[in-house]
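Please go over the structures that come below.
Here chain A shows up in two complexes: once beside chain B, once beside chain C.
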Partner chain A sequence: MNETVLKKRKFQMTMLFLGVIVLTYLSAWVTDYGFVSSLEAVPGAMVWMASNLLVDGEALGKLPDIMGKLIETVFMSIAATTIAAALSLFLAIMGSKTTMVNRAFGAVSRFVASLSRNIPVVAWSLILLLSFGQNSVTGFLALFVGTVGFLTRAFIETIDEAALGSVEALRATGATYWQIVSKAVVPQGLPQMVSWVLFMIETNIRSATLVGILTGTGIGYMFDMYYKTMNYEVVALITITIVLSVILIELLSTRIRKVIL
Partner chain B sequence: MPLLEVNGLTKSYQPGNPILKDVSFSVEAGEFVAVIGPSGAGKSTMLRCLNRMVDIAEGQVFFDGKDVGAQNKKGLRDVRKHIGMVFQHYNLVPRLTVIENVLHGRFGYKSTLQGVLGRFTEAEKQKAFELLEKLGIAEHAYKRCDQLSGGQQQRVGICRALIQDPKIILCDEPIASLDPNSSKVIMDHLKTISIEFGITCIVNLHQVDVAKDYANRVIGLKKGEVVFDGPSLLLSESFTDEIYGMKTAVETRELITV
Partner chain C sequence: MQQITRQPTVIRRTRAGKINIRSGNRVSLVLRSTLWTLGALTILAFFFFDYTGFRPLQAIPETLYNLKAMFLEPKLSHFGWGEAAMQVAITLGLGALATVFGAVFAFFLALGAAENLSVPWLSKSIRVVVAFVRAVPTVLWVLIFAIAAGLGSEAAVLGMLFHSVAYLVKAFSEAFEEVDPKILEALRSTGAGWWQTVVHGVLPSTFTYLLSWTFLRFEINFSVAVAMGAAAGAGGIGFELFMASGFYFDLREVGMITYMILIVAIVLEVFSTRLKSRVYSAG
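This part shows the complex of A and B:
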């Protein structure tokens, strides 16, 4: 009995493995993708990057403009994340099994979270672009909606794992719902939640570039503009500043995490 | 009139598989009652029915003359604030300080806003420190609870129950996660509380010998039914054998070095 189960599982794994190989070849054939020719293209691409993506003096002159847009983008990401965090906290308290008021609220909040999470940020930007037009509100909203979905999910898990025992104890003392939420659930989950918010700020600064390209705002718009006018020196400079700011924010949030956890 | 009266309490989580069957007993003020029985006998469920942490399906629980099952939200809060509860896993908020956790016991007496803002009177704070002193953990008052040992955390849990000014304290396996030494400290404290303050204690226990040593009265549960209810002196070995279904009583004794 056991042996046949094992043999069957082994057979299934082999078939799965073969299936993946066949599928890969099939897709390459359908899309006309050649492994060898794409490998051959790598050195050429390297040479192109090395010769074109060089920051020169003229590009450096654009630095103040770039910094202005970059700072705008960073602050927009932070604002979108923190405002989303406030809404997420509320949704998570309603959605968590430990603290939910009733099933209906719980289901609604989990549905809102899952809807906004499962539509990618890129799709949100395009949808919102149609309804709000090309301005910074669109970029802000795209980040906001995606963040609410993700953070609600993360906060629900934080609450469930942090607070089960103390919620029971406080209920037994005759504490009211909001007393329990504010004095047991929030204090216990706060560091974890702040950590998620910091993670989301990092993620959003990265996504903000892409969202900016799509919605024509912030640093992404600048990137797009110079890219389309083939001013690759400036494109390189923009890329470097983005990378540097992301690294800076990451270092900063690692430091903050160490202090609070 | 007894402080606590349980009449025909029946409860099941799945239909057709009752965890409590027609449980009836009453407890007078000042009694120290141990509830013993094997895992799954329904001890925890029974204890949680007394303050309706678990909904009462059939039967009644009367606490201090009030029908616990018939209370509305506000009435239930009123009942609960007079019932302290102590848990196996302490159920403190680990990141908060000892003193904060103790003061949580006062929430039943406060409006939501007072609680949320953490407004406690001087008298309440004074009382909290007195209790910590009494249980010998005053020097840890400003430490975070996750820095304390299990026995110390359980003492914080007892302080949190005591600051409620309870008429009764329900203890769900208070020493099941503790080493023998801390277990003795905790049981001694519970005994002192019941004698000094006259607070009724109902304690769920695994250990028959601890029950016999500390309790005036033992209730034995087996498969959701009361199979023994009487003074602990009358709890003979044959009864414990029946409660645990076999000779486990002897093995249990060997594990305990109180």
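This part shows the complex of A and C:
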């Protein structure tokens, strides 16, 4: 490593930092963001949270209702993720360079995945809300569509990583395409795929809250309702139940991941 | 003598008489039960759904018709192209602010959370706090800040910041923990202080990873910012999307806005994939 390399690296770092600072100022200008006022807002916000977000007896009376909606939301996320995983597995096998049948199928499946992943879940829920109306199915479909795109990308990476050697080995023995997929690709990638599915369930419970606010379903709708009527005790209780359920699922999936990976 | 008295190995067989090669394998047991549980819960889920006003026979053709109007005849009607570009810029700006601030905070917190650079109690407590913050959906943070700090970009950025920090602390601290212990030992043996080990040992060997994680978070924050515009009134293209679909019922405008979001998201994704592959090929 000579002096010019070090100098060049230093120059690159300086440019990067300058770029980030310019970008930050530009963003602050575009969004009308005040650095000082946001710094000032934080302590006030903390005090407000500490004094207003307190669960009281009246709020606890709403717990059965909240639990009902929470269970609906959790189930919605699990169902959306699992069914999306099944479709994603198919799309990923079609889309992965290791296992694809032909180029056309591969391109189509990657295109579908990219479309479903890059259109935000918000846009999907607003689009679906127009025709499916205010019910769980809308939320389920919005989560489902977004999850398919993400899981397909993750599964393609998993297949490419895990199965390359064994696919070649099986092909050399004269195994058919379906034998290769069912005996090598799926079993080898399965632990990693299950791990992705578990990760996606966690993410989807959080997204389900957002989707719920927009489509008027599940726990998100409940939050929105009490938020708008300024019943912050119930808002706090709902937040706590969401946090607990997410943490519970995270702990559970960490334990499962430890065994299978 | 010992060998003779030893019990023969029990060979477990399936009912058909084949040797059961899977028995006693904890991994496959857990894997199978996870899959079965997920399958069962999925079927169960459909009994818990609220089906108010759900008419699939009407809704499916209607969705197809709507999708056709949206994606084949997109058109802006309530605002012009300049305004649209401005709204996209606002959304990008919100995402960028949350990402830049998030990365800075996360860097310092991750130093405290990494087990090889910190003391156990500090690392544990940062992890617990971060896990809690991450479990609260971003939209709830934004809405809570909106009451506490007033509506506007400040509330949106602060709310998004919380989640970004929590996400990046996890990613950064894992990167720090993978730093070769020899590098740290070598630096410590020369008498380097804690900051010197961080600046000259940890930072150079993880910088590209940190950059790639941060950019990935920017990609996520863009779609989060769209969501915050729609659900929390944070402004930007997400708010326009919400107005077009919820107030004007203007499908063609929804389509156009969706296209704009899609293009930005794909550009970001391509960029972050490039960055990631460069990082991995270099490391």
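Following the convention adopted for this analysis, the second predicted complex is superposed on the first by the 230 of 261 C-alpha atoms of A that agree within 3 Å, B and C clash if a C-alpha of one lies under 4 Å from a C-alpha of the other, contacts with A are read in each partner's own complex, and residues count from 1 in each chain.
The definition used in the following text is that contacts are C-beta pairs under 8 Å (C-beta built on N, C-alpha and C of every residue); 3 or more make two chains touch, one makes a residue touch a chain.
Computed from a predicted model, the values in this text were never measured in an experiment.
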Q | Contacts of A:184 with chain B and chain C, given as first, second, both or neither | A | first
Q.
With both complexes superposed on chain A, which partner does A:147 reach: first (chain B), second (chain C), both or neither?
A. neither
Q. Does chain B (first) or chain C (second) touch A:42, or do both, or does neither?
A. second
**Q.** Which superposed partner A:26 touches (first chain B, second chain C, both, neither)
**A.** second
Q: Identify the partner contact of A:175: answer first if only chain B is touched, second if only chain C is, both if each is, neither if none is.
A: first
Q | Of chain B and chain C, the chain that contacts the larger number of chain A residues | A | C
Q.
Going by the contact definition given at the top, which residues of chain A touch chain B in one complex and chain C in the other?
A. 190-191
Q) Touching chain C in the complex: which residues of chain A? A) 20, 23-24, 26-28, 30-34, 37-38, 41-42, 44-46, 48-49, 53, 71-72, 75-76, 78-79, 81-83, 114-115, 117-123, 126-137, 140, 190-191, 194, 197-198, 206-207, 209-210, 213-214, 217, 220, 223, 227, 232, 235, 239, 242-243, 246-247, 250, 256, 259-260
Q.
Looking at the complex, which residues from chain C come into contact with chain A?
A. 26-27, 30-31, 34-35, 38-39, 41-42, 44-46, 48-56, 58-59, 62-63, 66-67, 70, 86, 89-90, 92-94, 96-97, 100, 131-132, 135-140, 143-145, 147-150, 152-155, 157-158, 223, 226-227, 230-231, 235-236, 238, 241-242, 245-246, 249, 251, 254, 257-258, 261-262, 265-266, 269
Q: Quick one: which bits of chain B touch chain A in the complex? Just the residue numbers, please.
A: 51, 53, 76-81, 83-85, 87, 89-96, 100, 104-110, 112, 115-116, 118, 157, 160-161, 164
Q. Can you list the residues on chain A that touch chain B in the complex?
A. 165-166, 168-179, 182-184, 187-188, 190-191
